[in-house]
Every structure is written in structure tokens, then in C-alpha cells.
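Okay, structure first, notes after.
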Amino acid sequence: MNHDPARADAVLFCVRGLAFARNDEPVFGPLDFTLDRGETLLVEGDNGSGKTTLLRVLTGTLAASAGDIRFDGRVATHEVLAGRALFLGHHPGVKNDLSPRENLAFLAGLYGTHEGASIESALREVDLAIYADTPLRLLSAGQKKRAALARLALLPGDLWLLDEPYANLDRHGIELVNALVAAHIARGGATLLTSHGAVRFADPDARHVRLALSL
Amino acid sequence: MNHDPARADAVLFCVRGLAFARNDEPVFGPLDFTLDRGETLLVEGDNGSGKTTLLRVLTGTLAASAGDIRFDGRVATHEVLAGRALFLGHHPGVKNDLSPRENLAFLAGLYGTHEGASIESALREVDLAIYADTPLRLLSAGQKKRAALARLALLPGDLWLLDEPYANLDRHGIELVNALVAAHIARGGATLLTSHGAVRFADPDARHVRLALSL
Amino acid sequence: MSRSYLPHWMHLLGSPPTFYRFAGALRPWLLASSLVLAAVGIYGGLVLAPTDYQQGDAYRIIFIHVPCAWMSLFAYACMAVAALAAMVWRVKLAEVIAMECAPVGAAFTLVTLITGSLWGRPMWGTWWTWDARLTSELVLLFLFLGVIGLFNAIEDRRRAARAASLLALVGIVNLPIVHYSVVWWNTLHQGSTVNFLGPSKIAPGMLWPLLLMALATHLYFFASVLNRARVGLLEVEGGKEWARTLVMESAR
Amino acid sequence: MSTPSAGAACRALLRREFTLAWRRRGEMLLPLLYAVIVTTLFPFALGPDAALLARISGGVLLVTVLLAMLPALESMFRGDLEDGSLEQLLLAPQPLALLVLVRVLAHWATAALPLIVVAPLLALLLKLPADVLPVLLAALLLATPLLALLGAILSALTAGARRSAILLALMLLPLAVPVVIFAAGAVAAAQAGLPYLAPLLWLGAALVLALALAPFACAAALRIAVEA
Amino acid sequence: MSTPSAGAACRALLRREFTLAWRRRGEMLLPLLYAVIVTTLFPFALGPDAALLARISGGVLLVTVLLAMLPALESMFRGDLEDGSLEQLLLAPQPLALLVLVRVLAHWATAALPLIVVAPLLALLLKLPADVLPVLLAALLLATPLLALLGAILSALTAGARRSAILLALMLLPLAVPVVIFAAGAVAAAQAGLPYLAPLLWLGAALVLALALAPFACAAALRIAVEA
């Protein structure tokens, strides 16, 4: 975790002494890391080590118990993050009664789309074109996951926060995630993703944060 | 898939010309395989290739459109399978409002326990001892998965049908599943498990069934 | 899939292509004869039959009401039998027939309710009361509708058919209630007047047209169910080659 | 590795159902509060006319209690279907019909019994004549499990279906009507000082029939439902 | 990559809500059938006395319609919370309060409006005097959105916590009572030929207040709920 206060305001995302405790028992210890445009940060940790919790703190749905989070040099409040951070959690945030297309249309309506991207293209990128209009409840586990991932190919947002994007995906699916991340980085975005390292992550020069089980 | 009619009645589990179609469109083609005590069968296939569907046909929750399934030489009806087959699906079949211990106690009440196994030991085997009494909804994704897996260490049953036992698990978790399967095999049980091959499966001499995407 | 328990003739008829041809051959005869009988019955009922000494001509609605009422029960019984076969042997044909009985039966039930309340206005001075016979008949209608609704609410045709069949079987309980309601409870609705074993409490001049109409409705019921079943079979068996060849022929 | 006796399995199931009900006592108490709300609101809605109130109280109470049951009925098996625990039940070594019966009775005990327990209180609120109360309770004790059993079949049938809720209501309406007619008939008769046994006996007969047949229908319906 | 206008976002949200409601028209129609069942059952429960029926019909109708809304209210945000789409709403670039308001109105349109549409039919079943109908409709048009907004706050508050339903019901009870009293008051007054405007105006004032404040309270409550 190369942490350098000088460029703290310059970097896109900067976390200092971040810690979270659930009724006084620490879930993850004080963390310091920066994440700049074009960078990827891989958060690794065993089951229960606090990856999901960390991401929820970063998105502001959980209040940190110590430390501060800065986005573009400003304290990362809801207003600052709104529309610029893209979150994909264990709970995919898609409706089982809607088709992939309808789900994407809704998200696009809220967040907008980045230039050159369309719902069709996004669905094609995740190989769901043929299932574009099938309600998610009729899709297989991996197809559901792809439907959730499709938003990455459609919505704008500088900072991606992905919680176990690889779960339930087959080999193609995993390469697909890596390709999406690579494209995002190339566009000058930043990505933070979690994994418990059972699946090897492509990007060689990605930096790592390891969370230890704090029992 | 070495299919040998001669020993069809001898083997524990024998599948002949098994096929499933939804409204006349095939999901997986005619399959033949046998699975005997002490054997493991790994069903590999991409997302949407029909692994989950196959398992649900084998458990009898879906009616096959062709072919027959024999268990101990008898047609595998509900009555024949009841209590002898153990199924673990995408939907873990545990209640989020109950603790791991309560969930296990319920399953043990229905299925019984195999000799020498106790709820405590099962929870210890999946490293959930400290979370034995926390409602599942407060556990992490991987911990939930372990709570579901714990039944494998507790309940009797000759035939295990596991749908993606590795999803959401960290390295230890994966080794843990492999250990459980190994023990089951050693006890003279049979295991059929699915995976889309992103995670490598331990047992070297396991046979494979590959499902192709039938579009 | 244990078809083996089936008697031989059921096997024969059970095979869709055979049934398709059989039904196609039988249907026109049934339809024609039912129309002829109905014509005679109507004539006998509305013209020849004597005027009722207390009801005047209002009673003549009996020639529609009663046959339809009987049919509503008969249709449900047929549906239930087919449903049983569908549940036990998983015979595709039985599933189709059970499902096709429902709309026809619902129609008869509806006519019964309508003619009944039309008749009730002059007789009882009200269109509707919650008398046991009327209520149970209404329940019968809801059961038919439930079967139809359930069948259409489930994507997979065969699963839908079996779910709906099960509902049909559950609903059998209502049949004796409809029939014996007049016996078990003191209802506004009159008790059984036509009696096939003993002498009927009805003028012979009224009886024979009534029976003709009853016969006609039965024949019509079979005709329309057979026809609907053929269409239904084509939908279920659309994939099979006999259906495709058949469509080819009809195209040529 | 002997499979547990049917009795043991039923106990395990009951324990699970009651623990769950306790964890979710919120949902469990909802019908209760619902009934309380209705009965407290009625006097307001009708204006304070004691005679009128007393006259309609019996009917109002029955309708309220029976209707307070409906929402819970509708989703009886939804949860078990969605989280996969239904499949675990189907694969269990015990006869499914038995397990289903236990399940339904547990549902009745958690969803309907509380209603019956507070019924006297509600009766008080609605100024129901005291001597009618026993008849009312008897009617409820017969009518509620009957509805629960019928509702179980229907909700099992519609569990996998698309427009499940509307279908359920469509089918439950005609079934609820006779039940209410008999129950209300008994109460009304008692309130008018007439013999009220006959309708209660009819309800009892129907209940016995349902207890004997419903579990099997329900089990069959569930096997179909999991195919979804 | 310009973020969409608030209007566009609201349209997207509305479209989603209505599509979902349509996909689940079952659940959407449940309160409807529910109300229909109640009103059809009442005549049996009370016996066929037209005068009596007409007298209580106004109150019965209001109570029925307002209570038919409760079950749906209770789970207003549950789904969004459990499948994670609530987090997507929170992170959206538009003001949360606005989105929440739209969400609640959509809920009203799908859960309450149908009830109001069938109200005249129900009024017919219950033999409500024709000249009272307009007042009844006005009362419903004011009372239902009011209840929806109040319910939204409470269901947001309790969405995260367990025991949600009971808390909600407990808090909704005191809030629902005055609403029903005013509405029923207006109808009763109209039925008695007295001036009925005042209670309606009170309802209207309360509604305006709720429209202005509830969304913010609701948004705050939701931010708390996701922390659970």
C-alpha cells in the first residue's frame, strides 16, 4: 500500500486509517491506500475477513468507525460519490421479474450511459444478447451474474467497486470481467475488486490489499 | 463416461440416455454414465449449459423427457432416493433467520446423522464453531455457504449431488469441500458435483462429464 | 413414466396420432346428431309441450336450464376422470382432454346460472339468493375458472396441465354438494323432479323434450371437446414428426 | 445412520416452524394487529350506536378473523420454495403428506390461533352478547383450520404460477364463502336464540374431510411446484 | 456521460415500478380481491337486511379499502433492500427524496388506485346510497395517498430491523385511526345529509403536509435501513 499524503488531493481515491468495528469488535483494521485513475486494487481476504464490509464502508452505506475517505480530494460524502462510483455487490441489485434489458434500461435511466455504449452493446459484451428479454428468474446462476455485470459495460462512473465479480462465472465469464476492467482502466477509470483468491486475477501489476481474519 | 449395461444393476447409480427438454427445446442431450460407491463424477459446463438442470432431474424435482435413472438397480423414484441422496443446490436450503446450529438440527431431525457425527463436530469441520448461534443473515457470503455445506459432515446418504459447492468459498473453503468429498468417498459413498472449471478440483482420478451449450 | 399399467385399448387411443384421426372421424357425426336432436327437442319443448298450470310459459326455460345444469356436472366429472389419468399415468392425451373439458364445462355452468336466475326472477321474485344449490353451482363455476386460470398461469404446458388437473381432482368434493344440496339443506331451489329409476314427478309431455335436449347437449359436449383436444394435441406435440407431416399435408 | 422416526421428524419440523415464527414475530403478529385495527376502527366508522354494533358484531368478527388469515396463507410455501428448503423436505425419508400436514398445522397455530385467542377481547370491543361468545369461538376453531388446509392446497398449487396471488384469491373466494356462511349462520342463530348446532356440525364434517385429504393433495401440488 | 435529468430518472423509475407491478399483477390485484371478498362476505355475515347494510356500508367500505392497503405497505421497501437495488438507488446522482417520492406515488398508483376504481362497484354491493358515492371517492382519494406516505416512512424505518411488521403496524395503528375517522366522518355526514366538507379539508391539509415532508423523512430512514 504505497501511501503518499502529498498527492492525496491529486489522486482519485484516497483512504487513510480506515477502520470499521461492529459494536466495538473490529471487523477490519486501520487501512491506508490510494487508488488513482488507471489503477486496479485487488482486495484479498478469506471468508469473513471483511471485504464486503469494506466495500460497503467505501460506498458510504456503512459509516466508518475511524479514518477518512477522499474522492477527488474531497471527503467522500453521498453527494460527492453519487453517480461517479459504481457498486456491484453480492446482492446484484437487479430484479428477478425483469429481463436483462429492462434492468439495464432502469439503471441507465438513473446513471446515464458512457459515450458509445448502448444497452444492446452491453448485453452483447456479456454474451446475453439471446436472453435479453427473458426474466432473470428463468436464467441460470451464471447468466444472472452476467446480467448484473452488464451494467459495467453501460454506465459511466470513474470508480468501480466490485464485490466478488468472479463468483458463479465460468472461464469465459472470468475473462469477460477482466476484459471489462481492463477497458475501464484504459478509459482512465479506477477499479477496486475483492476476491478470496481462489480465482487468479489477470492484471499482473495490480496492487493488493490483504485483509486478515480478525478474530 | 464408461457405460457398461452388464454391471448396471450392481452399480449404485446408473444413468442411461438421460435427456431433458423444456417445451421441446433440448437443455442437455442424451447422457449415459454410471457412478459407483467410492467414485466421484465432476460435471463441467459453461454457464447455462444445464448443470443445475441435470442435478434437478437426478433428484427427481424435474421429470426427465427421456432415458432412465437407476439407484441400486431400481428406478430412482422419490421413495427410492428419499433419505439416501443428499442435494446441495444454488439455493442452499437453509433459513436466513436461523443460526447454523438450528438449521443443522432441523436437517438432522429429518435425515438423521451418520455414526460418529454431531452438530458440533460438523460445525467445527466447516470452521463455523464461533458462529454456531448467529443468524445466517448476519454472516458473510462464504460463511453462509459453509453453513450450508456443514450438512455434508452431518447427514447420512450414499449419493451426494452438489451444485457448485465451490462458489463463494476461499482457498481454505475449497480444500474443505475436497476434504469432505474425500472422506465421503472413503466411507464408500458416491459424489456427483458440478463446476464450471474455474476452480480446479482436487481428486485426480475423478471422471468427467462435459455439458455443451445447446443453443 | 410407467405407462405399462395401461390397458391395451388405452394404449391405442392414448397414442396422439391415432386419437387425432379417431376424433376427426367421429366429430362430424356427433355434432350433426346433436343438432338434429336439439332442433326436435326445442320444437317439442317450446311448441308441443303443454303450458304449465301454475307457471304458464315461463317454465319452458327448463328445457335449457336443466340440460345445461346436468351437463355442468357431467362435464366436471369427465374433466376429473381425465385429470386422474393425467396425474396417475402422465398420459399427454389425458392432460389435453382434461384441460379442454374446462372451458366447455364453464360455459354450461354459466348458462345454468344465467337461465336459473332468469327463471328465479318470476318464480322466487329474486335474481339471486345464497341458497345452497345456487352457491355450490357458483363454486362450480369458480372451480372451472380456477382450472383454466391455473393452466394458463404456468409457463410449461405439461406442468400446467398437471397442476390444473390436481385442482380439478380436489374440486370433485363439490359435485355431490351441488347434487344433494337440495336434499341436505332446505333450499329455495326445488328438489329432484326427474327420476330415472322411479316414476318422474313431471308431465310426460314435458319429459321427452327434456330428455332429448339432455341427449343433444351430451353429444354436443363430446363433439366440442374432441375438436378442442385435436387442436390442443397439435400444440403439445408440435415438435413431433406426425404433427409436422400433418401440417404439411394440410398446407398442400 | 438409522433414519429418524416420523414423530422425530415432525418434532424437528415443528421446532423449526415455531423458532422461525418467533424470529419473525412481527409478521406473525401482523394479522393480529390487523384484526384489532379493524375492530377498533369499526365503532368509529359506524358511529357509536351500541344496539347496531351488537347486532352486526358477530358477522364483523368472523369476517375480520377469517380475512386476517388470507395474506399469510398466500405466501405459505413461497419462502421454502425460494430458499430451497422445500427441496430438502421433498428428499426427506418421511412421507411428504405427513410433513405437509404438520407444516400446515404449525401455520395455523402461529397465524390463526392468536386470532382466536384475542377474539374474546375483540368481541368485547364490538359489544357481542356474552352468551354468543362460546358459539363464536367454536365456529372459529372449526373454520380457521379448514381455511388453512384449503388455502395450503391452493397456495401450493399456485406457488410456481405467474399470477399466483390473484389465482389464489380467485379460488379462495368461493371456498371462503360457504365457510363464512356456515360460521356466521351458527353465530347468527345463537344470537337469535335459535338452534345453532347443525351448521357447526357441517363445518366439523368438512374439517375432518379436509384433514384426511388435503395433505395428500398439498404434497402432490408441491412436487409440481418445485418443477418451476 | 452526462448524468440524466431528474425527470428522466423519475420516468425510468416509474417505468420500472409499473413493469414490475404488471409482471406481478397477481400481487397487485391481491388487495383488490381482498376488498371484494370482504364486501361480498359482509352481506352473508350480517344477513340480508338492506336497510342495515346501507347504514353501515360507508364505514365498512372505508375500513375495508384502507386496510386492504396495509399488507402491501408493510413490504414496500423489503424487496429493494434484499436484492440490493436499494443501494443502487442510494448511489444514484439524483436527490434520493425525489426518487422516494416517485416510488411511493407509484406504489399508490398500483396498490391503492385500483381499489378506488372498484370502490363504486363495492358500494353497489353494499347498497350505499348513490348520492354518498362522490363523497366516499373524495375521501378515498385523499386518505389513500396519505396512508401510503405515512406507511412509506414507517416501512423504511423498519425495513432493516427485524420484527419489522409489528413495529410498522404498531406505529401505523395510531396514524391510521384519525385518517379513517375523518374519512368515515365525511361519509357519515353526507349519508346523514349534514355538511361534510370540513373533514375532507382536514384530510387535504394533512396530505399536502405529508407530500412536502414525508419524502425527506423516508430518504433518511432508508439510509439507516441499508446499514443493517
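The first chain written gets the first letter, and so on, giving A, B, C, D and E; residue counts start at 1 in each chain.
By definition in this document, a contact is a pair of C-beta atoms (placed from the backbone, for glycine too) under 8 Å apart; a residue touches a chain by one contact, two chains touch by 3 or more.
Just so it is clear, the model here is predicted, and its values are computed rather than measured.
Taking the definition of touch as given, a chain qualifies here only if it contacts chain B and chain D alike; those chains are C.
Shared contact partners of chain A and chain E are absent; no chain touches both. C-beta contact counts were set side by side for C-D and B-C; C-D has more. Central chain (C-alpha centroid nearest the global protein C-alpha centroid): D. Centroid to centroid, with C-alpha atoms defining each point, chain A and chain C lie 61 Å apart. Each chain gets one centre point, the mean of its Cα atoms, and the points for chain D and chain E are 26 Å apart. Each chain gets a centre from the mean of its Cα atoms; for chain B and chain C, those two points are 48 Å apart.
Note: centroid distance chain A to chain B, computed from Cα atoms, is 31 Å.
Shared interface positions of chain C, defined as residues touching 2 or more other chains, are 130, 155-156. For chain D, the set of residues that touch two or more other chains comprises 23-24, 162-164, 167, 170, 173, 177, 181, 227. Multi-chain contact residues of chain A (touching two or more other chains) are listed as 90. Against chain A, in their complex, chain B makes its touches with residues 45-48, 52, 90, 130, 139-143, 145-146, 164, 166-174, 196-199, 215. Listing the residues of chain D that touch chain C in their complex gives 153-154, 157-158, 160-164, 167, 170-171, 173-175, 177-178, 181, 209, 213, 217, 220-221, 224-225, 227-228. Residues 1-4, 8-9, 11-13, 15-16, 19-20, 23-24, 82-85, 87-94, 96, 223, 226-227 of chain E are the ones touching chain A in the complex.
By the touch rule above, chain D contacts chain E in their complex via residues 23-27, 29-30, 33-34, 36-38, 40-42, 44-47, 52, 55-56, 58-60, 62-63, 66-67, 70-71, 74, 162-170, 172-173, 176-177, 180-181, 184, 188.
Residues 59, 61-63, 78, 81-83, 85-87, 89-98, 102, 105-115, 135, 156 of chain B are the ones touching chain D in the complex.
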